[in-house]
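Chain naming follows the written order as A, B, C and D, and within any one chain the residues start at number 1.
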Amino acid sequence: MSIFEQRESDIRAYCRVYPVVFKTAENARQTDEDGKEYIDFFAGAGVLNFGHNNPYMKQAMIRYLEENGVTHSLDMHTTAKREFIDKFVKTILEPRNMPHKLQFMGPTGTNAVEAALKIARRATGRQEIVAFTHGFHGMTLGALACTANQYFRGAAGVPLNHVSHHVFGCEVQCQGCENGCGLQHLNELEALYADSSSGISPPAAFLVEAIQAEGGVNVASQAWLQALAKLAKKVGSLLILDDIQVGCGRTGSYFSFDGMDLDPDIICLAKGVGGMGTPMALNLVKPEVDKHWSPGEHTGTFRGQNLSFVAGIEALKYFDNDNLMQDVRAKTEIIQKHMQPLAEQFEQVQIRGKGMIVGLDVGDGTIARAVIDTCFENGLLIATCGTGGRVVKLIPPLTISDNDLLTGLEILVQATKQALEAVA
Amino acid sequence: MSIFEQRESDIRAYCRVYPVVFKTAENARQTDEDGKEYIDFFAGAGVLNFGHNNPYMKQAMIRYLEENGVTHSLDMHTTAKREFIDKFVKTILEPRNMPHKLQFMGPTGTNAVEAALKIARRATGRQEIVAFTHGFHGMTLGALACTANQYFRGAAGVPLNHVSHHVFGCEVQCQGCENGCGLQHLNELEALYADSSSGISPPAAFLVEAIQAEGGVNVASQAWLQALAKLAKKVGSLLILDDIQVGCGRTGSYFSFDGMDLDPDIICLAKGVGGMGTPMALNLVKPEVDKHWSPGEHTGTFRGQNLSFVAGIEALKYFDNDNLMQDVRAKTEIIQKHMQPLAEQFEQVQIRGKGMIVGLDVGDGTIARAVIDTCFENGLLIATCGTGGRVVKLIPPLTISDNDLLTGLEILVQATKQALEAVA
Amino acid sequence: MSIFEQRESDIRAYCRVYPVVFKTAENARQTDEDGKEYIDFFAGAGVLNFGHNNPYMKQAMIRYLEENGVTHSLDMHTTAKREFIDKFVKTILEPRNMPHKLQFMGPTGTNAVEAALKIARRATGRQEIVAFTHGFHGMTLGALACTANQYFRGAAGVPLNHVSHHVFGCEVQCQGCENGCGLQHLNELEALYADSSSGISPPAAFLVEAIQAEGGVNVASQAWLQALAKLAKKVGSLLILDDIQVGCGRTGSYFSFDGMDLDPDIICLAKGVGGMGTPMALNLVKPEVDKHWSPGEHTGTFRGQNLSFVAGIEALKYFDNDNLMQDVRAKTEIIQKHMQPLAEQFEQVQIRGKGMIVGLDVGDGTIARAVIDTCFENGLLIATCGTGGRVVKLIPPLTISDNDLLTGLEILVQATKQALEAVA
Amino acid sequence: MSIFEQRESDIRAYCRVYPVVFKTAENARQTDEDGKEYIDFFAGAGVLNFGHNNPYMKQAMIRYLEENGVTHSLDMHTTAKREFIDKFVKTILEPRNMPHKLQFMGPTGTNAVEAALKIARRATGRQEIVAFTHGFHGMTLGALACTANQYFRGAAGVPLNHVSHHVFGCEVQCQGCENGCGLQHLNELEALYADSSSGISPPAAFLVEAIQAEGGVNVASQAWLQALAKLAKKVGSLLILDDIQVGCGRTGSYFSFDGMDLDPDIICLAKGVGGMGTPMALNLVKPEVDKHWSPGEHTGTFRGQNLSFVAGIEALKYFDNDNLMQDVRAKTEIIQKHMQPLAEQFEQVQIRGKGMIVGLDVGDGTIARAVIDTCFENGLLIATCGTGGRVVKLIPPLTISDNDLLTGLEILVQATKQALEAVA
């Protein structure tokens, strides 16, 4: 029995899917201790947008360590932090005329969501949050109440109150209705909020992902997101956009909602924002909301991670020009070209996504598991998501080489055909 | 106006106390951009037990990066993770005959506490948690309900339910009663639990710090902790020991409760466990409790931080022999020798602590703030804690040089005298 | 200043609408201290289905008092109680093949609802209750969480958890959609319950009124009620039918849902069940649900009111034959004949209802208030309901004389025309 | 199988203890259908302070019915209501200089408590309520959260939040400490409220019974009640005194706390206030608290019960002079004279109480049950209370004849000796 089996908690999960020990990694490849290489279509659950051990980031981190840069600083000012903020403002916020302030917190997505909920409740004086079916927002109690999946909710051990879930704007079951039902549901909500005898009041905030990654790669329609934003404004609720998994360039632009004419009050970032896969979380908060904080009210030891700032600055440089995003768009086409035939060949298959997050919905968790197991055997790391794990999620590094991308797609397509034909 | 004032959230706090920009750091010294050096008695709120840029850790991390070690891996197996677990088991657990399993989660203390609460509730089928007055356990909703301080609780925006607070075993107000009242309170609790008409039932767990760091350096008596552990066992509740700030060698032994004949069901670690100040959190959970987890139920992106493992292994090597702990005991004496005269000279001063966490309680937050401001001017970083910030907390790196320690103590003693004489 | 103004709580309400002191009452008439008589279209908010001081009941109560019958007995057996149960079973339950048991509790509707919620949660092991927009179920904390009106909810002082509100099957805004949206909403709910990632789980019970009386005389369609019952059965939830205001003959049959092919697990009764307006509440609970009670778990001093039993037996005798119900149907026609022309004449007027509960929705609370004020001046007691009090509610004693009914309708029609023409 | 067994809910309880059917009752006697008479030391759980079918009340009610007095009126003004308010103010409030207003609500004690909690939360803007161990305040969700007994709490089906329980001032276990520990607990609470890091904040209200009747006839010491009142005032909390079971003359004065120099903000009354055992509940609320109500916010159908007013006026006449209270004091002596020898003879027996509520604590529920079963066989109705039902509670009508009192005491003493000797 390995030390993992002896001493690591029974809660361990991904290691059960990939039962090897990884030693090194570079761009879109991970290598195990036996020297076997795997193409990585998982990217640390969407953290490694810029590849494992991105050379720019690696060098910047090594240099920072060699020069005795401050690694831990709580929320004291450091040179690295100033440079990150400066770069983020100039590269991301100013071109979009976004007045948002940057709030760093405990460096996990769930901490970012918890902070967003707090300030939304403070700023509005309301308690209720509206989240959406299939949404995933984290594991700590406040964020978990917003997460829809029953498996995670069942671990809370206490009731998950002060959050209600409503229908997301473009789920599997809505495809036939051209997004109509999502919009209709918002109209219904608006009528209920206007009715003082409905038993339902406007929330402090609507918490939404433009693309639900863990939820099954469900892409909200622009019409629905705009209607949601309009409703939020009308009833005095904030709009919190959780861009943790699909932000930072994943969809072909920095934010997943770029170009949609949305203006979220709070945007939650984590995962890719630190570039190297080191922990970092960041909320962008409009000043008129942010001003409701008193100093240190949402404190935490690991706020303001300098190594993540150092690598994160390198990540931001990818947005100095459009080269990477052009690459993403080109690779998006490649992915779609390989995936769409599966949807044509197999009735139960749906392909969803935007940019370099793509969901291959095979309609059943057992089949999806068979697909990823075969992929693993054939040297491709890829994982499932969605209800019952029925969706194979493609989320490779944006920097993946065309060669690795094509090889990986080939492995995936073959594994999918094999699994689907086995049950046909 | 600096970029921080323009664009960093109003919630920023420590940077308001130390209004400079830090550039480099080494062992117990931080240097700002103007080249001014500060002796560090704060150590990143107790993270940097082994000093800023600890040379062993730094080199190990650089080497790991140069060799393209896997930096991000979720909870997949990596070589670094195996080595960390192996080292932790051999160095810490086996010598103490501790059968605990290691659970890694989102790398902040609050995530560790949230995971502990979940599994305690699951394992016992109960909802209520008992936490203690002046306890600090984090900012996310589940952990925040356990945190006692009203300032933090006030930011929740929703009721903090399913946790009740009881009197900690050795607080300021108990000094006159030789810890009696804490014990008496436990006896009262036991009677209430035994009474089916008390309105109070035994909790899923008691969540306690052996030394409340943020709460004001309140040291629980061994008698009280043992009585608490006995009560927990008697009523079928788990004992969760939050050792996040005072574990990892801070008190002169790896755990703060070593030698107290305690056997906690769950121990929460974070801060110092990653060595370099990079994020990491870890729960030690008894197998009979841990087995209640299903795979992935408390998931998270940044579980299993490899750079923190790499540095953390170096931290664990300090416990291969007793050298560092001997040092800590020697420095403890130095600190006490300098601090005790303050308590003798000034009636309102109390000195509390164990090992290299010491609280200088000056009885009033304004005075304490004057002390740390003067210290900062004179080149010493130190912070306050406790109700109203009335306690100056000494928590320097364990590896601080005698020279820096003495210089820092001198600055502190002078600043304290100055502040207290000003109000005399 | 009267003693009422001096010493009765500021919460007093109806007395502000009818600022006189009533002394006597008989059938559908109340007389004030100055001898002025009022026709009563309010009937104690639907309590006095059989008229004020119903002669059979009055005599039975006097006889019972004279014979020293047990007036107070908690839930001990009494002769009066046995006779009531016997009569209720034979007259109401057996003809309908209803196996339900009778549970008496604190004699108010809200206590009945609280008991129903408890046993539904116990029997299913679930916490959530689904109630409906515009529903009214009482003022104590458990029932209040099910009540939709924001005015009442705002007095709770604590969050109202564990209840979610969904769209009632036939509200004002649904008229244009031929009840379609209510059914569609149930279909949506069914899909959400079936989806383990929706964030929504099947409730312990659906709590519904077949006709929402306080909510504005909203009449659920049979199709929607049947769909609701089917959904409840499918997802393992109980169906609780709150018939407190519209049961006991009000709609032309004993239960408001008679003839709809429904089979509720629990039926809540109060108001009219005690006949004379004296307090009584009663739940009818299917044996397989009821068996989850342990003795005395939902106790209370005033369970089993003997004077209410004595009068209630007389009330039940009205259901020995169809005479009264025929009367009700005839009077229903009279009411409709007088009311419908208002809907034809005034665009904003809607007439809703079933049997002898009729809502005259004038679309605006100020207008409705003007209507009832004019009615009061002209000798008719009638009250408003619905959101903002926009609906004038006709709920006269079922035993009202044709003469009083016609006179009252005449006063009402004139007052309505006057109020609506004033704003035209 | 009787109709009760066939059709009455399994929750029925007292009828299981007294398995006969009662037909008539007069003063302190109930008679079953077989003509067997029972002396009543239970008085409808303390409702019938003035005896079954009190002749004055009976005649007043019959007259009221004969004259077609308004029986049901919601909260409209009636002649009977005015007379009751007038009589209550003149007889009870004015002599005590109490400025309180009278609020009528749904006529059960639990509704009174719910209303008190709401207005206390509204008036203070706080959510938490402090109730006490062994306290009993009702079964609806808000009141149930204040009730301490686990048997009742276990039926809630949802968490009982926003109430914390603290140690009552004079319980069994305190006897050895001369009430010291209750006072000490209040001192501890005061310190915790003053400490912003205790995790505990002052409540909206303290809800307390001066004598816990259901809780086991636990009599609070005057010193403790005064300390509680002082603490409430100091921390801005209201004092709610639940006098539902022991008010209305039971203790030898109208209120149980008369002569204790207390000034509760809200006093809850029910049970005896309606005189005849018919339902009624009444809160006395200080004007500065009451003014926070808006009209109708805590509504209900059966507020303002006129038959209870009519009988209640007769009850109030007993307080026109001191005759009844003198009687009570005389009978108190008789009871004590018979009971005390039991405490002297049997070590495990404690006698507690005040006036004509006396608890005979035999230390064990099984013994107590044996006592009351034997009493029942011998023609005495008496019930148990307290944890596990270990306390036999004497609560006869205040108007019981000396003869019945002596006979009943004789039966009780014999039954107690028999039961205790059987286990000796």
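Methods note: contacts are C-beta pairs under 8 Å (C-beta built on N, C-alpha and C of every residue); 3 or more make two chains touch, one makes a residue touch a chain.
Keep in mind that this is a model prediction, so the values were computed, not measured.
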item	value
Rigid-body rotation angle, chain D and chain A, from Cα fit (steps of 5°)	180
Higher-contact pair (C-beta pairs counted), C-D versus A-C	C-D
Length of the line joining the C-alpha centres of chain A and chain D, rounded to whole Å	59
Inter-centroid spacing, chain D versus chain C (mean Cα positions, whole Å)	31
Centre distance in Å when chain A and chain C are each reduced to the mean of their C-alpha atoms	50
Where chain B touches two or more other chains at once, by residue number	127, 151, 158-159, 161-162
Contact footprint of chain A on chain C as seen in their complex	127, 131-135, 147-151, 153, 159, 161-165, 167, 173, 181, 185, 188, 191-192, 195-201, 215-216, 386-388
Residues of chain B touching chain C in the complex	158-159
In the complex, chain D residues that touch chain C	2-4, 7-16, 18-26, 30, 33, 44-48, 52-53, 58, 61-62, 65-79, 82, 85-86, 89, 93, 101-111, 114-115, 117-118, 120-122, 127, 138-143, 145, 151-152, 154-158, 161-162, 204, 270-271, 276-279, 283, 285, 290-291, 293-302, 305, 307
